[in-house]
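Per-chain numbering from 1; labels A, B, C and D assigned in written order.
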Amino acid sequence: MRIRFGITLAIALAMANTAHAVTLGAVLPLSGSSASIGEDQRRGIDMAVADINAKGGLLGAPLAVKIEDSADGATGALDAATKLHSIDKVPVVLGEYSSSVSIPLGQYLVKQGMVHLNIGSSSPAIRQIGASSFSLIGLDDLSAQFAAKDILGLGYRKVAFIAPNGAYGQGIDGQFKKYLQAGGGSVVAEVLYTPGQSSYRRELQQMQRSQPDVYVYSAYGQEAAVINRESFELGISKTPWYGIYLSMCTADTPAQIANGQIGMEVASLGSAGQAFAAEYQKRYGFAMKSSYSSYAYDGVMLAAAAIAQAKSADPAKVIAALDQLGASFAGATGKLALDADRQRTEQPYDKLAYEGGSLHAR
Amino acid sequence: MSTLLTVTGVTKAFAGNAVLQGVDFAIGPGEIVGVIGPNGSGKSTLLNAISGFTPVDAGRIELGGAPLQRLAPHRIHGLGLARTFQLPAMPEKMTVFEVLLAADNRRHGFWASLCGGAEQRAQEAASRALATQWLGELLLTGVRDTPAAALSGGQKKLLSVGCALMGNPRLLMLDEPTAGVHPNLRRDMVAMLQGLAARGIALLIVEHDMHFIGELCQRCIVLDRGRVVAQCTPAQLSQHPQVLQAYLGSEHPVVLEAAV
Amino acid sequence: MFDFCLHVLTLACLYGLMALALNLQAGYAGLLNFGHIAFVGVGAYAVGIGRLAGWPLPLSMLAGVACAMLLGVAVARLGRNLASDYWGIATLAVAEIVRIVVLNQSGMAGGAQGISALPGPLDALPETAQPLAFAVLGLFAVALAAWLSARLAASRFGRALRLLREQPALASCLGYDLGRLKRSATLASAAVAALAGSLLAGYTHFVSPDYLLAAQTFLVWSMLMIGGAGRVAGVLLGTVLVQGVYSFVPLARDLLGLGSETVGALRLGLIGAILLLCLLWRSAGLLPERLRTLP
Amino acid sequence: MLQFLFDTLSRSSDLALIALGLSLVYGLAKFPNIAHVQYAMLGAFASVVLQRAGTPLALALGMASLLAGSLAVLCNLWVFSRLRRQGPAIAMIGSLALAMILVAAALAGHGASPLAYRLPLSAPWVLGPLFVAPNQALAMGVTLAVLLACTWLLLGTRQGRAMRALACNPPLAAAAGLDAERIIHAVHFLGAALAGLGGALLALNTGAYVNLGNDLLLPIFAAAILGGLGNPLGAVFGGLLIALAETLVTNLNIGWLYGQPMAFVPAGYIGAASFVILLLALLLRPYGLFDREVRRV
């Protein structure tokens, strides 16, 4: 009896999902070592859903996003994607963070004829996922090129580079080195650290020995906090520190240590960007932890816009609408300007400095 | 008389304590030899040394002319030497019958087992026949399908003798075969072991029970503090001055009384 | 729903292969291999590196099995003078070293990003038929492996392994070369695990260092122990159960209608709780190994 | 050079208490307890939350340690005392499931972002070439004091002897009239209390975060194995050796090999270094570096 009730309820819920509202899917690293980024992505998605539903929803009904945990791995992401495809029947899936998860996820979605919106992976290999995979985030070549130019422009030549030894770190490392060397600089120390250690003193000191003009880093959460704290404790923080995606680098670091750091960040100077940042602060009570929330926000917004334009949640029609919209859509992270490979070609970045406890344009 | 096992000058020390100090003796085919001596005289170490569980420091051990002292236990078994343990531990998740079958190690290779075939089936049938025969002779038929670990201490001893015999050894070494065995069963054991010797299997028996030694053995080797202090027939034991010295010097007068 | 069940079934079959492979070592021979995933990873990476080198898929898979068996020889050699729990951690160390090496080999093995667009064994079939076909292939492979394992367990070799697991000293003095028995079990296990790895890479069309995480070994171990080590039916039941729990827990959350904040915690916590309850309820496994009474 | 030595000591002090606790429990329970590192994670959270709520740091550390210890006793009562009878593999999988539940609890209770102590940031002390952070010195000092206390407890007291006797030979210890159950509970409490304190001290540098336990798992196991399982003080030296290996890998200039002024092994191999050391050590000394045999001689 109870089981039958449960089944009826399940069917009713499923019907409620498909009949009355458009449901999108998202696969995020909500447990495992990237969980803090997944959580920030989730915040962005929740904000977008709230915004859209506050304005009357999509196609006349409230929008929902079904968020699944990838457990930080390819098989977990495939489990989640298969569920979203086969049970929830969503047309669009957003995800993931690590490119070693986004790539198999995207491959699967493309094979099923679904839309993949990449909201967190910046590896150049994302480009090859396939015909229905769109990137809202500028790939590493964009951010690395911007950072390299910025650093050379500031007059630094000898650079020590540190990033986590993962898909993101290895990708940005290669790109950054390429652009820096092309512009006449050199990477004198290159450390891809093993995430999750209790201390990075050894890595920091190895870099110190090459006496760089500037330390360039890109890290997040607990690791960024430890690296910043230890560079302060070792007296290394007197040399300039440059953060690629500075807001995530300094999010969990005491202001006293972060003061004086410079870096770059996804532009949030446009009206949409500033509105998002303000809304985020209001909703969660702290400043944006990283720009991954804004990419996730834009992902939902873009999907909603495409579905609204296609007047249908049919994936083929959504893809056609995305192909049109991609060139002109502008969101919290600025204008997308997707190219023929459906990758972002324009990514406005800001040059920032951390002063007096917060980030400012420089 | 030809010799089967020759032990020459075997020496072993654990962390500076000499446990075996130049042990010499020899055993012929079909001979039944007892090894006695007070606790700590090195009896078990001697058995471990011969069967390859304890590497010796010096000396030679030969079985039918082949040197054993550098070989691993399974190689020594392959040359025709089987043994039992003082406290035989038996598998929990195998029946008595299965343990006996496992004790026959012929054709146990991976591919032979996986592919099967007529030869494999014939071998399995032969093993089962042999195991069934030993079950009967060792009075274990009633516990054939019991987990081997659930047997009583005495039954485990019998089973381990059966295991040793499944390999058709030339020399069988028994470590205290009667400890924990019911007295009635003990008599049957004497007959059974004599039967083995009649088939040409040499027996080397470490034992405390002097009646058992007296009934069974043709010869005794007396160990004291790692040395062979006497080799004589069981009847001569009580008159042997070194034997008296060895036992009176220790805490085992009771054993000696039994021997007298 | 049907596609999702097919997916779960396919994964269960692939993990079933890994669990049956581990069962050869852990269930039959009592070897605590905590680096089992290294064999799987070698098989999976063989498909990846084979693609980069332009090899045909069958050749890559064969190379994977061969490499995994080589690794098996090395691991078994390591076990010759180590006690079982030390050997367990040593195998874990070997698997971690393999993972760290492929993680840092961005040229040859794709680095942290892994190797994508891998060929699958059923690519020739039409797209829509592939999920069903792969599930059938997986079922066939797992059925074959189960049949062979059961046959092996009943054979003279299997009996020798049991004796080795239960009483190694007895086995040794009954003429069994323990090192050789362990090596044979490890090699057979490595071959099957590598095959499972190749199939997993072919199914997901992807391989990355994440496939080699120690957590994956623990996952396969939990399948083995919850189902019942040493018994093929137990291992398979454990695999289906654990894979089912991993896959269907997100559905339970949908039924409960909980918000997105709890997704990660709920999934992890429910899986942990179900596994723990299974263990406490039947701590020898759901289908524990039985005594073999022979005619 | 001095700084490298100091950092090696600092890293090994990070590992020391937790590895000591693991080794202590392993000696009695004889299974690799994966949940052990989660006690460290929970200890870190408990301590940070208490300190942020206004508890003085010393009290917060102590309470976190007690909480972790009590939790371990409950876990032992409900889970491990039943699973241990089925052998080490079952108990290990049980500890794995328990670890998942503990991580899930932390994830649900706090979320994935790190949580740091609310402490004023003080400038490092500069002693010649040496930079020492006050919190680092505090963590090392407390660790050293607790290690000394544990050494005394294990080697110098009746209770310690009872624990070691039970670890070496349970039937004999039981025959000698030791109350095994009580001692096992005491050891679980002590082991987890050490882990909780270790985690709370670690959080001085890293903050408390959900993955703290998982990140520690492999280095801690490597340290405990290196020292010889069930040999608690060996585990401390195991941790020291691993810290040394990591420091050498990251800081040994191998530029001369390539004819360059400076070149290093890629830092990504830092994890492999400790495992290579572990394998080498096991090849040379199959029962860990500080095996019981050594102590007996």
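We take it that a residue touches a chain if its C-beta (ideal position, glycine included) is under 8 Å from a C-beta of that chain, and two chains touch if they have at least 3 such contacts.
Worth saying up front: this structure is predicted, and the values here are computed from it rather than measured.
Undergrad: Tell me, which chains sit next to both chain A and chain C?
TA: Touching chain A as well as chain C, we find D.
Undergrad: So, comparing each chain's Cα centre against the centre of all protein Cα atoms, which one is closest?
TA: Closest to the centre of all protein C-alpha atoms: chain C.
Undergrad: Going by C-alpha centroids, which chain is farthest from chain A? Tell me that one.
TA: B
Undergrad: I'd like the Å distance between the centres of chain A and chain B, where a centre is the mean of that chain's Cα atoms.
TA: 73
Undergrad: Suppose each chain is reduced to the average of its Cα coordinates; what separation in Å results between chain B and chain C?
TA: Each chain's C-alpha centroid was found; their separation is 43 Å.
Undergrad: Using mean C-alpha positions as chain centres, tell me how far chain A is from chain D in Å, no decimals.
TA: The computed centroid separation for chain A versus chain D comes out at 34 Å.
Undergrad: Measure off the straight-line distance from the CA centroid of chain B to the CA centroid of chain D, and report it in whole Å.
TA: Taking the average C-alpha coordinate of chain B and of chain D, the gap between them is 48 Å.
Undergrad: Could you say which residues in chain B touch two or more other chains, in rising order?
TA: none
Undergrad: Of all residues in chain C, which are in touch with two or more distinct other chains?
TA: 103-104, 261, 264-265, 267-268
Undergrad: Which positions in chain D are in touch with at least two other chains?
TA: 103-104, 107, 111-112, 266, 268, 271
Undergrad: Between which chains does touch occur?
TA: The set of touching chain pairs is A-C, A-D, B-C, C-D.
Undergrad: Chain C touches which residues of chain D in the complex?
TA: Of all residues in chain D, those touching chain C are 30, 32, 34, 79, 82-83, 85-86, 88-90, 92-94, 96-101, 103-105, 107-108, 111-112, 217-218, 221-222, 225, 229, 266, 268-269, 271-272, 275-276, 278-279, 282-283, 286-288.
Undergrad: Quick one: in the complex, what on chain A touches chain C?
TA: Result: residues 6, 9-10, 13, 30-31, 35, 38, 42, 45-46, 65-69, 71-75, 78-80, 82-83, 85-87, 99-101, 103-104, 107-108, 111, 123, 125, 128-129, 165-167, 169-171, 174, 192 of chain A touch chain C.
Undergrad: Taking the touch rule as given, give the residues of chain B at its contact with chain C in the complex, in rising order.
TA: Those residues of chain B that touch chain C are 51, 53, 72-75, 77-78, 82-83, 85, 88-95, 97-99, 101-103, 105, 107-110, 112-114, 116, 120, 123-124, 127-128, 145, 147, 160, 163-164, 166-167.
Undergrad: Considering the complex alone, what residue numbers of chain D touch chain A?
TA: Against chain A, the touching part of chain D is residues 3-4, 7, 10-11, 14-15, 103-104, 107, 111-114, 116, 121, 124, 126, 131-133, 136, 202, 205-207, 209-212, 214-216, 246-247, 250-251, 253, 262, 264, 266-268, 270-271.
Undergrad: Enumerate the contact residues on chain C facing chain A in the complex.
TA: 1-4, 7-8, 11, 103-104, 106, 111-114, 116-117, 127, 200, 204-206, 208-211, 213, 246-247, 250-251, 254-255, 257, 260-261, 263-265, 267-268
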